[in-house]
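Presented sequentially are two complexes of subunit A, the first with subunit B as partner and the second with subunit C.
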Partner chain A sequence: MLSIYINGAGCISPQETAAGGPMLANLREYEQVKLATVDPDYKQWIDVKQIRRMSRVVKMGVGAANLSLQAAGIAMPDAIVTGTAYGCLDDTGVFLTKMVNQQEEMLTPTAFIQSTHNTVGGQIALLLGCNAYNNTFVHRGFSFENALLDTIMMLREGSAQQILVGGLDELTPHSYQILSRFGLYKKEPVKTMELLNSPTCGTIAGEGAAFFTLGVQPGTNTAAELTGISTLYKPMWEGEVIGHIMKFLEDNNYTPNDIDLLVTGRNGDIGQDEIYEEVVEALFPEHPEASFKHLCGEYPTAVGFGMWLANGILADQAVPEAAMFYGQAPRRIKKILLYNHHQGTHHSLVLLSHVE
Partner chain B sequence: MSEKVWIAGGGVISGIGMNLRESLQAFREMRPGMGAMKYLSSMHRNTFPVAEVKADNDMLADMAGLPENISRTALLSLIAAREAWQSSGLGDISRYRVGLVSGNTVGGMDKTEDFFAEYLADNRKGRLQQVMHHECGSITEIVADAMGIRHHVSTISTACSSGANALMYGYRLIRNNIVDVVIAGGTDALTRFTLNGFNTLMILDQQPCRPFDETRTGLNLGEGAGYVVLVSDSLAAQLQPWCRLSGFANANDAYHQTASSPDGTGNYLAMKGALDMSGLQPQQIGYINLHGTGTGNNDVSEGIAINRIFAPHFPAMSSTKSFTGHTLGASGGIEAVLSAVAVKEGIIYPNARFEHQMKELPFAPATTWSEGNDLRHVMSNSFGFGGNCSSLVFSSF
Partner chain C sequence: MEQLMADLKKQIIEQLNLQEVTPESIGNDEPLFKEGLGLDSIDALELIVLLQQHYNIRIANPEQGPEIFYSIRSMAEFIVAQQTAKA
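Entry: the complex of A and B
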């Protein structure tokens, strides 16, 4: 089967991921229940006049997309595929609030225009002048995974050589307030570096954008091959997850022993992290494990941050200390399995292999 | 790997009918679905005609077998998706690897906008049940769960081309052997959010819309859902498929967030790409189901792009939005069903209220219903905000 390479990656997150340099060199530690992105200087990619009109999610998407294209050394992708569960929440909230408060009178179009879920993909195309395939997946904890699968299928059928694909979500005061009422988050602030050992329910809210330039030929800086991806919707019980992971590895001709490093989506919610314990115990009892949601917070496309981290680990052949959860990474890291779930209902697997 | 992907059935609910049979009858009898707003509560009730599905939520919930407090978007979706499945003759759904790929633009916004009134007064207030299904993906999952679909569920939101892009992704899922069957299309219910949004853009007509007419002044919003059932070669061999999805393309206009480029670049690239994929010459297309919203901007851009590709041999064309209104995320799905059944039955749909030739164009839409035409290939266009342009081609063999 045709190999697919990560030729460039860009990430804007609550860490200084847009700055370049060694991964997580200046760790941002927080003691709060919601994390916001550390914003780069968007003027390097976007005209100042436009920046003022753009919501944060659009800016972080355009920024991460540009970082990824720059890293891959390409100016124009053959397709743009975006995954976002919530879309443009801020502009949606602005328009909705005015509509309610002003009883449907005297409304202006800007927020409505920018509220559609494909605004980010559309703005990237507009700024690049890219007339190619453009799609946006909005399926909760599978938004980014569907975007990746669409990308992989198109690369394999040969209709594109280089595809820009990303996942992103923003947190707004309204979304934080409403999601808090659903009981998703910790009641008390928690230190990020202690989150994953927290004995209570709830996690911390996060946001961010991660984009990748995937191609069928490796570039000069390519460190990782995207070997496979799989999703599992609403498993009945833990055994089904374990069976699904085994089958996924088999389909790629691997056993658990071939995996050098596990990267998991633990989020510090004692109820939600239990399945990671079950999977580790059943399949990877002695494996070193890294995690990432204490660094970026929980959101439906956080797995994009996880893939950015895993790609960086393969490039550096080292795991940043802040990301290590259990054990020690081996000297040579060849294969990484990224296992994430969102709210227990959306489970996904991404398999990355080192490119020498 | 399945070489071809077939349409094994379809279902539709819209302002002109609760199912496909009723919808076709409405076209036959020239009964467009727009009228005064009855079910949506809005300040603009008496200003803008809309094409509402002619049932309240209680009745739709009854038809769908879901609680009546569920988003109308999900109720419409389940009713049409079930009709599509039943029409395919596939039988017990648990026998297959099935995917549901559904497009929508605002998810459970119809409930969120009710929630927001109380919530804005006090952010500890408002019933959480009303925002539980706000996310677009949540609407798809209500339907997947009700139908027993677990192998693949996904949701696409590319504004007014969402439903069409769902068919493309479904096609790829089958070709890549990820599933055997995909129910693909889209759904959207009318909401105050979209009605007011389109009103701020000043593209809503206060009269019934007139697509491709020189005097057109805007669109009418509609609501509904439409799904086709896509199947692989091996399943198609056991069924009587309607036609096959022979080509498609998705392109971006990259011109403006909401407006189409004057020369219809994205529209042209989508139609051209779809023809190329299906291996057809323009003159082989027998009918085009136009995007045809009725706005000044859309119809001229779409028309110019059609002229560039098809001149001088123009196929029959019409905008079925002159009956259903613009159903946004559902439109690509509804029009895919209408286009697929057009191939099967040789139907050319009428374009209602066309009277005045557009001065920019050398062709005019069809104005009367006809069936039994020899239609081998039908094209369906869906263009949207964000520059998203998609075209699909359905073929009889």
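Entry: the complex of A and C
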């Protein structure tokens, strides 16, 4: 089967991931229940006349996309695919608030125009002058995964050689308030480096954007091959997840013993992390495990941060200390299985292999 | 008129979220669109709403737009003319 390579990756997150240099070298530790991105100077990519209409999530997306393209040495991708669950929430909030406050009178167009989910993909295309395929997937906890699937299918059918694909979501005061009502987040601030051992329900809210330039040929700096991806929606019980992982590995001609490092989406919610315990116990009892949501917070496309981390681990052949959850990473890391779930309903697997 | 033009500059900067632009840097007779401040058609809609919100003025004939929104001075003159007519 045609190999697909991660030729460039870019990430804007609550860590200093846009700054370059060694991964997570300057760890940002927080003691709060919501994490915001560490924003780079977006004016390095966006003209000051255009930036004024862009909300944070649009800037995040454009920034991460540019970082990814720069890393891949690509000026113009053959397609742009994005995944976002919440889209441009801030502009949606602005628009709706004005509708209510002004009783649907004298509404300005900017916030409405910028509030759609595909604004980010559109803005990246406008800035690049890219008239190629442009699609946005809005599938809750599978938004990024389905963007990846679309990208993989396009690359395999040969209709594109290099595709820019990314996942992103923002957190706004409105969304935090609404999501808090569902009991998603912890009631008290928690130290992020202690989150994964938290004995209580709820997690910390996060946000971010992660983009990747995927291609059918490796570049000079390529470290990882995207070997496989699979999703599982609303499993009935733990056994279904375990069976799905086994089948996924078999389909890729692997067994659990072939996996050098497990990267999980543990988020410190004692109820939601139980499934990771079950999976580890059943399939990966002695495997080293890294995690990432204590670094970026929980959001529907957080798996993008996980994939960015896994790609960086394969490039560095080392796991940042802050990301290590259990055991010790082997000296050579050839295969990483990324297992994440969002809200217990959206389970996904991403398999990455090291490119020598 | 001077005070009105000063107010308009502040309101435009706020409404259009113009970054790195100060009221002092906008000339009274400088074109607002294209070569001047570089505003575009979306900004024109924002300016129409600005006139409604701050001055309770509706533009009856859209074809007058380019003339009214040519510069800060032309906007101020239009506002004064409308307010005088109402009085």
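What we mean here is this: the second predicted complex is superposed on the first by the 356 of 356 C-alpha atoms of A that agree within 3 Å, B and C clash if a C-alpha of one lies under 4 Å from a C-alpha of the other, contacts with A are read in each partner's own complex, and residues count from 1 in each chain.
Rule of thumb we're sticking to: a contact is a pair of C-beta atoms (placed from the backbone, for glycine too) under 8 Å apart; a residue touches a chain by one contact, two chains touch by 3 or more.
All values reported here derive from a predicted model rather than from experimental measurement.
> Mind working out whether A:Met154 is in touch with subunit B, subunit C, both or neither, as first, second, both or neither?
Touch partner of A:Met154: subunit B, not subunit C.
> Check whether A:Asn311 is in contact with subunit B, with subunit C, with both or with neither, and answer first, second, both or neither.
Touch partners of A:Asn311: none, neither subunit B nor subunit C.
> So, A:Gln15: does it touch subunit B (first), subunit C (second), both, or neither?
neither
> Once the structures are superposed on A, label A:Lys49 by its partner contacts, choosing first (subunit B), second (subunit C), both or neither.
second
> Does subunit A have more residues touched by subunit B or by subunit C?
Result: the larger residue contact count on subunit A belongs to B.
> Mind working out whether A:Thr108 is in touch with subunit B, subunit C, both or neither, as first, second, both or neither?
So A:Thr108 meets both subunit B and subunit C here.
> Thinking of the overlay built on chain A, is A:Thr227 touched by subunit B (first), by subunit C (second), by both, or by neither?
A:Thr227: touches no partner chain.
> So in the superposed three-chain picture, is A:Gln162 touching just subunit B, just subunit C, both, or none of them (first/second/both/neither)?
neither
> From the superposed pair, tell me which subunit A residues show up as contacts to subunit B and also as contacts to subunit C.
107-109, 113
> Name, in rising order, each residue of subunit A that touches subunit C in their complex.
Going by the criterion above, the answer is residues 48-49, 51-53, 106-110, 113.
> Subunit A touches which residues of subunit C in the complex?
15-20, 38, 42, 45-46, 49, 52-53
> Which positions of subunit A touch subunit B when the two form their complex?
Answer in residue numbers: 80, 85-87, 92, 95-97, 99-101, 103-105, 107-109, 112-119, 121-123, 125-126, 128-140, 142-143, 146, 149-150, 153-154, 156-157, 177-178, 181-182, 231, 233-234.
> Show which residues of subunit B lie in contact with subunit A when the two form their complex.
Residue list for subunit B touching subunit A: 42-44, 105, 107, 112-113, 116-117, 119-120, 123-124, 128, 131, 135-138, 140-141, 144-145, 150-159, 165, 168-169, 172-173, 175-176, 178, 192-193, 196-197, 199-201, 249-258, 265-266, 269, 384-388.
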